[in-house]
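Scrolling down, you'll hit the structures one after another.
What follows is subunit A paired twice: with subunit B in the first complex and subunit C in the second.
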Partner chain A sequence: MADVIEAGAARDSAPPPAGPTRRRRATERGNRATPYLFLAPYLILFGVFGLAPILFGVWISLHQWDLQLPNRPFIGFDNYQDLFSSDSAIYGDWWSSVRATGIFTLFSVPLLVVVPLGLALLLNRSFPGRTFFRAAFFAPYVLGVAVIGLLWRFLLDANLGLVNRLLGAVGLPSDTPWVTDVPWAWVSLVGVTVWWTCGFNAVIYLAGLQDIPAELYEAAKVDGAGGWDRFRHVTIPGLRPVMLFVFTTTILASANVFGQAFLITQGAPGEQTRTVVWRIVDEGLRDYDAGRAAAMSVFFALMLAVVSIVNFRLFRYRED
Partner chain B sequence: MIQNEMSRRRLLGLGVGLGAAASMTLAGCGGGSSSPDKAGSAGNGGKDYTGPKVDLKLWNGFTGGDGDIFKTLVQQFNSEHQNIAVSVVTYQWEDYYSKLPGAVSSGNGPDIAVMHMDQLATFAARGTISELDDVAKNLELSEGDFAPTVWKGGLYNEKRYGIPLDMHPLGFYYNKAVMQKAGLDPNKPPATKDEYTAALTELKKSGVQGFWVSPFQFTGGMTYYSLLHQWGGKLFDDEVAKATFNSDPAVEACTWLVDLIKQGHSPANVGQDADYLAFKSGKNAFNWNGIWQINDLKKSANVEWGVAPLPQIGSQQAAWANSHNFTIVKQRSANENKVSGAKVFINWLSQHSLDWAKGGQVPARKAVREGADFKALTEVNALAPELEYAAFPPATPGLGEVILTFYNAFNEAALNKKSPKQALDDGVAKANKQLEDNRKKYGN
Partner chain C sequence: MSKVRPVLRYGVLLLITAIFVTPLVWMLLTSVKTYDAAQQVPPSWLPNPFSTYGYDQILNSTANPVLRWFLNSMLAATLHTLLVLVTASMAAYALARMRFRGRTVLFALIVGTLFLPPTSLIIPNFIIAERINWIDTLTVVIVPGAASAFGVFFLRQFFLSIPAELEEAAVLDGANQWQIFRQVLLPLSKPALATLAVLSFLTNWNDFLWPVYVLFSPERLTLPAGLGLLQGAYVTDYPVIMAGAMLASVPVLILFVFAQRHVIQGVSRSGLKG
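Take a look at the complex of A and B:
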């Protein structure tokens, strides 16, 4: 995670403006301490609850660290090696969970970036009942994962569920195994997640849209730009920082998917929809192997950091 | 653009916040090692306790109707024992086993913990719970007082760690209304393979898929576990060094069950709980489910149902079962009074397990089981015979994850992702690696 922040910081590391030297000298002492004093409240919290646990996690990952066994030998990178050696007991599970998380992220992120944008554009217009619709689209997000998980597990049940019954009523196949077979399980998981969380992204887009000055649209109109041109040349550039935020947080949230798969598909068929976070939880809290779980977490965090850096670079490139 | 700068800064703030939040998941799970424990032999093994007043914390996972019955029993105990005060904390079983180790190593654990039999070896090997041999000896409890299968399940490395409270097997539930509609005698549930398949054929004729096969541990996995033992198979070899659930009997049992789906006695892709819900709503006739469903079915007035021991499909009788055991948790600072108080409690509750049977479990104690009062609990009593041939998992530490591999292998076979043979072969290959890992970890 630290890398993500650095990447963000790197974006802003423009050379400092050359100020008048005389003035700086006069208040040198104050100048030096001031930024750190301002940073201190957060820095302390971050250090204690952010940085220290990360470092401790890395430390754990280098040991055969069982939560209760007193013997916790240092084993170097063995925990990491286990993730890559096909002989280890966790190799198959680990990579199948990476694959599951990858598939889920790949399909859910584009939808969670585009669908809420469309929603936000619609909800940004003025029409009667706008507030109602804004609330309606945001509503699922306030439900907990346990609620939506159980709800959809029963709705999507292949033999007893309402979804298949409705499909049957309109003459479509009524025996689709929505939660017990791939690719249907992925359709269900991605669909439910989009339904559940798109309201959140839509609200952020909506805030971004309202930040775009109306004059820009007027100017574009005067210049003869049509609806599509205004969207492409005014709305999209105006939303870029918001999109970067939505994109980054959505990737991270999707990569951390756990509850939906745990409750709706329960990993079925076999372990094909068992995700990385689920695997880490099992390893650490069910099998008490904190060392391996930490190694998985560190490796997974690094993967996400790489993805986020690429993401930031992409958006910066466009900005230049 | 000014506005871009603003957003960027806001974004950074959020980014840092998210980073911090995400890293919390890595946050500390340390804790000291537990001190060597000498309290295991405290007191006189649970006959009585005359010391100063002690407060005991007890943890369990009884979240259903059984939880209320348990609490009533504890209240009764507290009122009869002025110098022992037991307080009960209840968690979901899933959370329970992941919370316990952390709580114990940080000194916030309970004094008494209720535990499933298949967890005893793991927690004993980890030094979480103490030996209870002296409790058994001083109270003159022996195999004869309990069912042998259950009594032996409390042993690990030939030492006793658990005093069994009950056992909860898989039972055979049948929907009487559905059977009647298909022209079957609702008071004579099938008990053999031939009767069972004949009944399924009749049910099919009446348009009912009679035996929904769930691909999940609850209940399909446990059904297959029972059948595997009925066919004479075993999950592991005697030393629990190798997994054996791809042996010929195991494959045959799996094939028999999965073929029911192909023959149209069960729909494909049965969801979690769908088998039981279909049973209650009259779409399914037979369901092999835990004894704990008795209380739920008793509340469902419009379902006509009965429960019997599992029919014998294979060459012998066998049923999946588990058992709740009392254990005494090792503490960082040993308190002899607490330990002897805990032993008194365990003994008292074991003797009062008839009330516990009303919660829908078969009492482990023979005297209670053979009393007239227990016989009056018709449904629970109907499953008591299974005690003799209940198939408990072996007492080996870390076996929980290996058994999940077994259930996942069945999942793939039942969902027709792999042939039974292939699914079980793959499962065994993985299970063997897990067993080897466990041997390294626990050094046995």
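Take a look at the complex of A and C:
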């Protein structure tokens, strides 16, 4: 294969053939079916597990769809109505899960937008060991939520955990029920998630910081701008598109929280830390009510779509 | 410049590093403690005595065949990665270099699904998988995830950054599209393919929600799904649980050490589309 690169590179040094006409000929060569043949393997996957489920999910949500029963009568919007009428059997559980996901998202997103920015600024100049520190900050993200969940369930164990022990060693209370009582359970879930994923956002910020032209900082310096002024008037505006990306993807990721609550707090206390995604899969795959679970999914996806659109609008508006 | 600032900088950096790394070190240390040492209050840092108790438990358990889960995960993540590389690169080539009816619509559809929370498709995907008898087989954790739009999007952007002149030269030599793709474009795309491979492997290896709900038989679980069982079975027997967590961590940490550049590049590039 290396030969081909060299051959290609050698030919590249010859005067390139005249552009557009040649290019069009190149793409029109061969069979009309060629593009579709290249696309086919992916399109089969995408069709069956990417597109079809979107339509199928809406379809299911309009039926009384018990996974264990052969009859799935059409019931219109009844599944959706159940989510909003306080006398339905799932009303309480559903809105409790929305509340849980809401609390988690509300507290984790600001931290996951700000803390990684701080880390990225610390790493945004060259000094010996920079690559090492970047790797160390990113390392937890490489591990899956199963490992993170088991590890922190242990670290936050009220009696045997390292966290309470370290707190005790510096004279703070050493018997905090981190995983079994609120508000501690929320502090734990948010804290663990920030620890786990802030390296990811920091790397995205770092790439964004490196795209800000150095001349802008020079010019600001010449104009007598101090460190804080340069941060406010050069760094922040330069990072706006990256911040929009981080903000939007972090909201999506936080709203989809499942594993941390499933493994660390296990829903406790009571079912207060049971999140939307957990409620959906339990409703559909443990209690077999796929119709209701699908209605929850559709509603949930629409809510997130609205949030994303509002984000884009807000950021666009401020750019003008 | 003063000498204080670098010292301060390294002090801060080391402190932050400790926050990120200490929990991982604690996992390692606990995995080689005895049951009694791990139950000690207050706990001791170093394993004394050093013990392989945790690893003995998980490697010899018939109720929780951890080694089998490890192999399942390895096989699933490897096959998933190959499937993503083949399907995404072919599709990305067509989208980047060919003109055909419906190209714009198709690309918009693919990118559009990037903004959809993947969890919202779990119920329909479960039912689809059930209809084709994939539930509780390794196939169900290998194939459906490869429908993700990320790989196609990522490779298309990379292909567009490669000048088309090289391929035009190959066309003049009478190469067909498949030959151009295989012999010109793919060799030039090795860095991007490596990045996508590493990211796909990590994603599949770490996947938790889907395997927990679509795999049931103990001998068919992947490691993350199995770890959930381990937590239920051993409760506070932390050396055993941490040994299991180590088994799930070591391969990806090794992969990260050797492919750090690819992981970091993949992540940074994913942000630049914003």
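Keep in mind that, in the parts below, the second predicted complex is superposed on the first by the 268 of 320 C-alpha atoms of A that agree within 3 Å, B and C clash if a C-alpha of one lies under 4 Å from a C-alpha of the other, contacts with A are read in each partner's own complex, and residues count from 1 in each chain.
What we mean here is this: a contact is a pair of C-beta atoms (placed from the backbone, for glycine too) under 8 Å apart; a residue touches a chain by one contact, two chains touch by 3 or more.
All values reported here derive from a predicted model rather than from experimental measurement.
Asks: Identify the partner contact of A:D157: answer first if only subunit B is touched, second if only subunit C is, both if each is, neither if none is.
Replies: Touch partners of A:D157: subunit B and subunit C.
Asks: Touching A:L244, do we find subunit B (first), subunit C (second), both, or neither?
Replies: Touch partners of A:L244: subunit B and subunit C.
Asks: According to the stated criteria, A:P269 is in contact with first (subunit B), second (subunit C), both, or neither; which is it?
Replies: Touch partner of A:P269: subunit B, not subunit C.
Asks: I'd like to know which partner A:G57 touches here: subunit B for first, subunit C for second, both or neither.
Replies: both
Asks: When the two structures are overlaid on chain A, which partner does A:D287 contact: first (subunit B), second (subunit C), both, or neither?
Replies: Touch partner of A:D287: subunit B, not subunit C.
Asks: Given the touch rule stated above, what does A:L69 touch, subunit B (first), subunit C (second), both, or neither?
Replies: After superposition on chain A, A:L69 lies in contact with subunit B alone.
Asks: Counting residues of subunit A touched by each partner, does subunit B or subunit C come out ahead?
Replies: Higher number of touched subunit A residues: C.
Asks: Quick check on the superposed pair: does A:G92 touch subunit B, subunit C, both, or neither? Answer first, second, both or neither.
Replies: First partner only, subunit B.
Asks: Using the touch definition from the top, say if A:V307 reaches subunit B (first), subunit C (second), both or neither.
Replies: neither
Asks: Name the contact category of A:A220: first (subunit B only), second (subunit C only), both, or neither.
Replies: Neither subunit B nor subunit C is touched by A:A220.
Asks: Could you pull out which residues of subunit A sit against subunit B in one structure and against subunit C in the other?
Replies: 1-2, 4-5, 8-9, 11-12, 42, 45-46, 49-51, 53-54, 56-57, 60, 67, 153, 157, 159-160, 208, 211, 241-242, 244-245, 248, 252, 256, 284-285, 290, 294, 297-298, 301
Asks: Mind pulling up the subunit A residues that touch subunit C in the complex?
Replies: For subunit A paired with subunit C, touching residues are 1-2, 4-5, 8-9, 11-12, 14, 16-17, 22-23, 25-30, 32, 34-36, 38-39, 41-43, 45-46, 48-54, 56-57, 60, 67, 119, 122, 127, 129, 131, 133-140, 142-147, 149-155, 157, 159-160, 162, 165, 168, 195, 199-200, 203-208, 211, 241-242, 244-246, 248, 252, 255-256, 258-259, 262-263, 277, 280-281, 284-285, 290, 293-294, 297-298, 300-301, 304-305, 308.
Asks: Help me check something: in the complex, which residues belonging to subunit A touch subunit B?
Replies: Interface residues on the subunit A side: 1-2, 4-5, 8-9, 11-12, 42, 45-46, 49-51, 53-54, 56-57, 60, 64, 66-70, 87-89, 92-93, 153, 156-161, 175, 177, 179-181, 208, 211, 238, 240-242, 244-245, 248-249, 252, 256, 266-271, 282, 284-290, 294, 297-298, 301.
Asks: Quick one: in the complex, what on subunit B touches subunit A?
Replies: Interface residues on subunit B, with respect to subunit A: 3-4, 7-8, 11-12, 14-16, 18-20, 22-31, 33-34, 97-98, 101-102, 104-105, 126-128, 212, 215-216, 267-272, 274, 277-278, 283, 398, 400-401, 408-409, 411-412, 415, 417-418, 430, 433-434, 436-437, 441.
Asks: Which part of subunit C faces subunit A closely enough to touch in the complex?
Replies: 6, 9-10, 12-13, 16-17, 19-24, 26-27, 30, 38-39, 41-43, 83, 86-88, 90-91, 93-95, 97-100, 103, 106, 109-110, 113, 115-128, 143-149, 152, 163-172, 176-177, 181, 183-184, 186-188, 202, 205-209, 213, 223-225, 227-228, 230-231, 236, 238, 241-242, 244-245, 248-249, 252-253, 255-257, 260, 263-264, 267-274
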